[in-house]
Amino acid sequence: MNTAAKKTITVRYFAMFREHAGVAEETLQADVATAHDVFEVTRARHGSEEPNGHCKVAINDHMADWDSPVSDGDTVLLFPPVAGG
Amino acid sequence: MNTAAKKTITVRYFAMFREHAGVAEETLQADVATAHDVFEVTRARHGSEEPNGHCKVAINDHMADWDSPVSDGDTVLLFPPVAGG
Amino acid sequence: MMEVTQKAIDPAALQRSLANPAAGGYCAFEGWVRNENEGHVVERLEYEAYEPLCLTEGEKVLAEAKEMFPYLEARCVHRVGLLEIGDCAVWIGVVSAHRDEAFKACRYIIDKIKVRLPVWKKEHYANGDSGWVNCERCVQHGIAD
Amino acid sequence: MMEVTQKAIDPAALQRSLANPAAGGYCAFEGWVRNENEGHVVERLEYEAYEPLCLTEGEKVLAEAKEMFPYLEARCVHRVGLLEIGDCAVWIGVVSAHRDEAFKACRYIIDKIKVRLPVWKKEHYANGDSGWVNCERCVQHGIAD
């Protein structure tokens, strides 16, 4: 197993994702290239099938796209569908 | 002069019309059939050339058209162009 | 409900009167006296209204708005008398289940209030002149000239 | 200015902060907690927000609105925490020289706030259940089921 290829990513879960995961934040080491990859490897945690455009993602406090690249040490925020107002 | 054909009409002037007439209300006896006729016979008082769609008229506290008939004893309200709000 | 008042408008009290547990959206509009109109520096405004017809015409406008954009509650108050810069001349509040009706009804009401109610305003300018808004050319020898 | 607060929103104080002598129109929108949603009797709502991104995204929305509908002043406050029926969850106020910009900017802001800010609401129903709005089908085995 090539651990050198793995990145350390902090993942933060919000609202329903947090309740489903049972934690607000965790740090994982995984072989991920994009925000979408992070969504996939944490699927069992947040419980959602696919981002499908309704979920949103931010990287280091900036709104991002699902195909945005993630770097070692990034914090990825996983947002379930919003409902403000 | 056939005074039997004349009607007694109370005319009320508002805003600029009242300032121009120098009175808020007066009663006149005139040979008038419609609200427009009242506007015409009081033209020198309110000072306006023509109702032209911007001025409005009410008869006995009901909004009326310029060709609405007036009856003996009616009160005709002459409204210059409005500017609410 | 349509009202005409000589007293300062109290938006907070008016808003409280519209509370409704089924309401999800509240839209309010206020017309404020501003310091300029068509290039003139305005110092204050004088509003005159013919109250009986303001009330009947205002109620009609509120009913039309409700027919088109079903709302839960709505209220409109127009102030008369001498107003200073920043004073609230007209207040409209609409509450509805969802925001779309509240916005659309509120807009409809102010648009119609401005052209249908027998209300007139006289601007007092910084140079000492005054003039009735919309009316300067409607009288042959206007007092405002 | 965009704000997120845990305290009750005070519309009167917020409105006063927007006073501007060149303003002729003021439009406000408030989102209130209502007692029903999609057939469920709602007893209260719990709002959660990720404040850092609410602020940056909210400021973007206000700037976009100003670009499209040039206004003089605008402010938006979103409340978080546990809210009761009738409580104000979001407040938006816009002042402009004329009413058109105030209405349009206010509507633009609430429309975008609702879909772009990281804010979530959990409804607590009369029967004891609860559910995250817009989210019930987004999780395989939702806690809200």
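The letters A, B, C and D name the chains in turn, as written, and every chain counts its residues from 1.
Everything that follows uses one rule, which is that a contact is a pair of C-beta atoms (placed from the backbone, for glycine too) under 8 Å apart; a residue touches a chain by one contact, two chains touch by 3 or more.
All of these numbers come straight from a predicted model, not from anything done at the bench.
Using the average of C-alpha coordinates as each chain's centre, A ends up farthest from chain C. Separation between the centroids of chain C and chain D, computed from CA atoms only, is 26 Å. For the pair chain A and chain B, the distance between mean C-alpha positions equals 75 Å.
In chain A, 85 are the positions where the chain touches two or more neighbouring chains simultaneously. Of all residues in chain C, those that touch two or more other chains are 31, 99, 110. Checking each pair of chains for touch leaves A-D, B-C, C-D. For chain D in complex with chain C, the residues that touch the partner chain are 11-12, 15, 19, 21-36, 85-86, 95, 97, 99, 102-103, 106-107, 110.
Chain contact summary for the complex, chain C toward chain B: residues 31, 48-50, 52-53, 56-57, 78, 89-90, 110, 113-122, 132-135, 138-144. The touching residues of chain B, counted against chain C in their complex, run 14-17, 19-20, 46-49, 54-56, 58, 61, 63, 77, 79-85.
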